[in-house]
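Each of the next two complexes has chain A plus one other chain: chain B in the first, chain C in the second.
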Partner chain A sequence: MQNQTEKFLNVNNLVVEYHSAGAAVHAVNDVSFSLEAGSSLGLVGETGAGKTTIAKTIMRILPDHAVSKVEGEVKFAGQDIMRLSDKEMASIRGKDMSMIFQDPMTALNPVKTVVSQVAESIVLHQKLSKQESISKAIKMLEMVGIAADRVNEYPHQFSGGMKQRAVIAIAIACSPQLLIADEPTTALDVTIQAQVLELIASLRKEIGMAMILITHDLGIVAEACDNVAVVYAGQIVEMGSKEDIFLRTAHPYTKGLFAALPDLKGKTRKLVPIEGLPPDPTNLPKGCAFSPRCPYADEGCRERAIDMTEIAGGHLCRCRKIERK
Partner chain B sequence: MSALVEVKNLKTYFSSGRGTVHAVDDVSFSIEKGKTVGLVGESGCGKSTLGRTIIHLTNSTGGQILYEGEDITHPNRKELRALREKMQIIFQDPFSSLNPRLTIQETIQEPLKLSKRYDKQTIEKETNRLMELVGIEERLRNSYPHELDGGRRQRVGIARALALNPQFVVCDEPVSALDVSIQAQILNLLIELQEEIGLTYLFITHDLSVVRHISDTICVMYLGQMVETAPTEEFFEKQYHPYSKALLSAIPTTDLQKDKKRIILKGEITSAINPQPGCRFASRCIYADERCKQPVKLEELGEGHFVACHRAKEVNGMA
Partner chain C sequence: MIKYILKRIVLIIPILLAVGIMIFTLMYFVPGDPVSIALGNSATQEEIEAIKTSKGLNDPYMVQLGRYLGNLVFHLDMGTSYKTNMPVSMELLSRFPNTMKIALSSIVLTMLIGIPIGIRAAIKANTFEDRLSMFVSLLGTALPNFWMALLLILLFSVTLKWFPSNGDKSWKYFVLPAISNSIGSIAMIARQTRASMLEVIRSDYVVTARAKGVPERKVILGHALPNALIPIITVCGGSFGMLLGGAIITESVFSISGIGTYLLTGINSRDYNVVQGSVLYIAATFAVLMLIIDVLYAYVDPRIKAQYVQSGRKGKENGKKDK
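Up next is the complex of A and B:
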């Protein structure tokens, strides 16, 4: 393990709870991970696993009215994100770290031209004149493949792929050190998805930006990330390098995901679904959250919470049935 | 071999403020009894419109639809009612395709009641059979859709579609809204149902890896037209159309070893409003030349393997 100070993002023991209809929704339960400058981490998991909540906590954009509890520590480039004032946070957000959302159709303001929306964050963070920021915005849009003669159009005149590219232009306008991409291609067709992923990869190389990529698609993770964290019921259940997760899969949930995934090569086989459903976040099982669906679970798994253990160098797994190597 | 469903030169046009949308334009294909045709393409290519036109949820503009050899292109009201019992659809979004004010039991019973063929007792018996068939627990009988997760809702949608024992079911992206682990449950259910009751499917999806698991034949659509069709195994082994090649190479795979030679398409799917006569993929195709401005027809390049591309032979080293 590397020294803590060398990592530029550290998330430690993060806990987030929402309140909904009188019940506490345990969205994130003790999540810890770290990221080195310039590297990329894929957060994989199913709907409701807590991936987006983790991202929003780092960005400090959780909806205040719905959140009842946020605990833990987020350290970004030496700063304690949780303790910054709103004003200090606003100067970091959009400049040092930015986020791309899943749905490009709703991320843009429908009554402002695309170029003015890109210029907005440049004006805010870079202290350029309006004219200068517009010409920088045009440059950013060209970088993501939007021609200068279309930048004065409104979002509805853009196709889905173009909108997502415009959103990327906004996110990277100030060359952030960290990009959080939340399902950036889920709303797009595969050929457009390939364009967008390629674009993100080349931009990352160019400005040396680290990335947290949130997705439910294991294929995208395999292509775009160095490291992977598998999230289930608000916890990271397995984490390691891409090779650890894909070639040396350890956790029964991760194994289940791979078995359930239809593939493109080899003989078609019958898919093996994971029986049952993810647990209700207002009523999580006492022990391992996956134990009700796990074929290997026994009494011990159901009795008490399971800790994350390092099973090989850098490969962590939250399962008491896995032997430490 | 007998085709259960066959379409010949089918056209579905819509008029819009900016011209005529050629959503389905001169499409011909057939589906054998008990088999599955996987219809693949990107959003806006007309695949859903094609499925909906076949089962008369959308009116066709031209061409022919045959069911068991009979022309059903222009049914009258009575014929249409009979057809609805034989041909059904499962929709993509199990969240919006169920009536939120009907319980699960009421949803499944609705078609049975509407058919006016069953007495109360039979309806009760049929409901039990259908719920068991698709794997919905008895305790959920009086629940409302919002109380169910996506996978169970989709099971209800399937039970409703199967209520009147149809032979032909259009599955319009039935697993796209579901998580991987649940997606596999529903795919397996659809396959089991086919084996059990001999259903015939038109399986519409944008996801090639899903379609590979369930289809006997693959049809690829681009801007309202069929550009390639082949038996599934054959298709995944070799694609002849430049668009099919790009589509397949664009899919991110979990295979870390794979040497990634990705074909990145320039531009995006253009609009189907008043299209030009030539190949509709030409504007994005790396192989396009003068010839591609001419209309193009499907041509058989291998057994059962049809491609609509002027340059297919050259591009694939077959000339």
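Up next is the complex of A and C:
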């Protein structure tokens, strides 16, 4: 613990619940992780596993009207994010931490020019004059590959890839220390995906920012992340270095994810899907959330919640069967 | 963009012509005529017919219509009132300032109060404050205008003696009419603003703005509101148009001589030219107002502007092909 508090981002025992039609939706259940300055963490999991909710909690941009409970601790650069006033939080957002959103088609304001949307955060955080911030915004847009003669256009005049580049330009405009990229390439086609990922990687190198990359694509994680956390039903089920997760896979769910991936190098084999569906977040199982789909599960797994255990240095897994296998 | 506006202005002419023909025809077939109403029961049928013939009211429909449209198009003349013999255009012009005063003060009041209430209600959606303001605004839309006017007169003219109850001599005379006239539209605008803000406030770009660190006030007014404006402009424009056509009830209750009461007396005495002239005026103001609203749309939303420009360009290209 002593060691952890020195880290740059600490998320401890995070719990988030939404209310929906009278029922409590358990979106995030006791999530803890930490991130060192400049490093990158991949949050991997299926749609609805709670990855975006974790990100939005760190940014404190959860939709107020839907959230019924937020508990736990988020410490960022020595500050307790949960205890900051709205005003203090607004001064951190966009400056020290920023976020790239999943859907570039809707993430830009349709009635403002692209350059003004980039310049806005520069004006807010860097105390530059309007003219200076616009010329800096143009520089940022050029950095992400948008020509200067198009910056005064509106989002509807941009293609999807260009919009995502603009969203990235907004996120990195003030050189944040932490970038949260929420499925930055999901809405883009494959060739543009590679470009955008490369762009993010080179910008990270340049600015030296830490990154949380949210994705369901293990290939992207392998390319872009130092550490990986596998999220299932609002819990981290396995966490460790990229090598731990890819080469020394421990949790049955993570194994299932890899079994469902096509392997281009090896000989052709039939893909193995994970049987069943993720649990209903309004009604999670009492024991291990993966137990209904787990081939190794027994009565003990279903009885009570499983704790995270360290199976090797820095490699954590939420499974009681691990030692015995 | 200018091309688009010019195109729209030119299009107003056929619209007014069509309205003129329609209202003329309608009035022609409505039972009763200005002469017999003006002369009353004491006049004999011969006297009535003689005057009608002298005024050309016994001519065939097509002849009368042709004469009316001819005067309208070539002399911009809407004729004279059968009752007072005053030119209709002069009468409309003299009543226009009063109608304009009521309309402008009502719409300004409506926007100044209605839009902020709607925004507030949307931010506080589903809280007590939201429910209360929406309940009050439901009352506002449901209560009849004249009843509000009478209540206002009772309180502010009779009891408190702050404002006069009727007449049109100074701005003081227009305070109560403006209030009673705008309560319904305040409620309507508030509800419309709330609905369209609610839609926008949860959109992704509003979250993006928050993630940039934009202060909440600016998120709402700078990012959300401009995107919610289109339906608000539509409703405001619509109610302003209605107001410019004369607020018949308000004008009657407060004895203000405006276009609404002019039209009403015209209808009652079958004063054809008065009715046709007033309706043409209303149609013209509406057409111009709708054009202004459409231009405002383009100003608010660049996507709509792009459509306008494109439609202008298309027209030009087609024109070239035709040649």
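Everything below uses one rule, namely that the second predicted complex is superposed on the first by the 320 of 325 C-alpha atoms of A that agree within 3 Å, B and C clash if a C-alpha of one lies under 4 Å from a C-alpha of the other, contacts with A are read in each partner's own complex, and residues count from 1 in each chain.
The rule is simple: a contact is a pair of C-beta atoms (placed from the backbone, for glycine too) under 8 Å apart; a residue touches a chain by one contact, two chains touch by 3 or more.
Just so it is clear, the model here is predicted, and its values are computed rather than measured.
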item: Fit or clash - chain C, chain B, common chain A; value: fit
item: Contacts of A:G94 with chain B and chain C, given as first, second, both or neither; value: second
item: Contacts of A:A148 with chain B and chain C, given as first, second, both or neither; value: neither
item: Touched partner set for A:L197, first chain B, second chain C, both or neither; value: first
item: Touching partner for A:A77 - first (chain B), second (chain C), both, neither; value: neither
item: Partner chain in contact with A:T106 - chain B first, chain C second, else both or neither; value: second
item: Dominant contact partner of chain A by residue count, chain C or chain B; value: B
item: Which of chain B and chain C A:A312 touches, first, second, both or neither; value: neither
item: First, second, both or neither for A:G219, with chain B first and chain C second; value: first
item: Inter-centroid angle chain B-chain A-chain C after superposition on A [Cα, multiple of 10°]; value: 80
item: CA minimum distance (chain B, chain C), superposed complexes, angstrom; value: 8
item: Set intersection of chain A contacts, chain C complex versus chain B complex; value: none
item: Chain B-touching residues of chain A, taken from the complex the two chains share; value: 46-47, 159-162, 189-195, 197-198, 216-220, 222-224, 242-243, 246-247, 256-265, 268, 270-274, 277
item: Chain C contact footprint on chain A (complex, rising order); value: 59, 61, 63, 65, 86-87, 90-95, 98-99, 101, 103, 106-112, 117, 120-121, 124-125, 154, 156-157, 167, 170-171
item: Residues of chain B defined as touching chain A within the complex; value: 42-43, 149-151, 179-185, 187-188, 191, 206-210, 212-213, 232, 236, 246-256, 260, 262, 264-265, 268-269
item: Chain C to chain A touching residues, read off their complex; value: 125-126, 202-205, 207-216, 223, 226-227, 300-303, 306
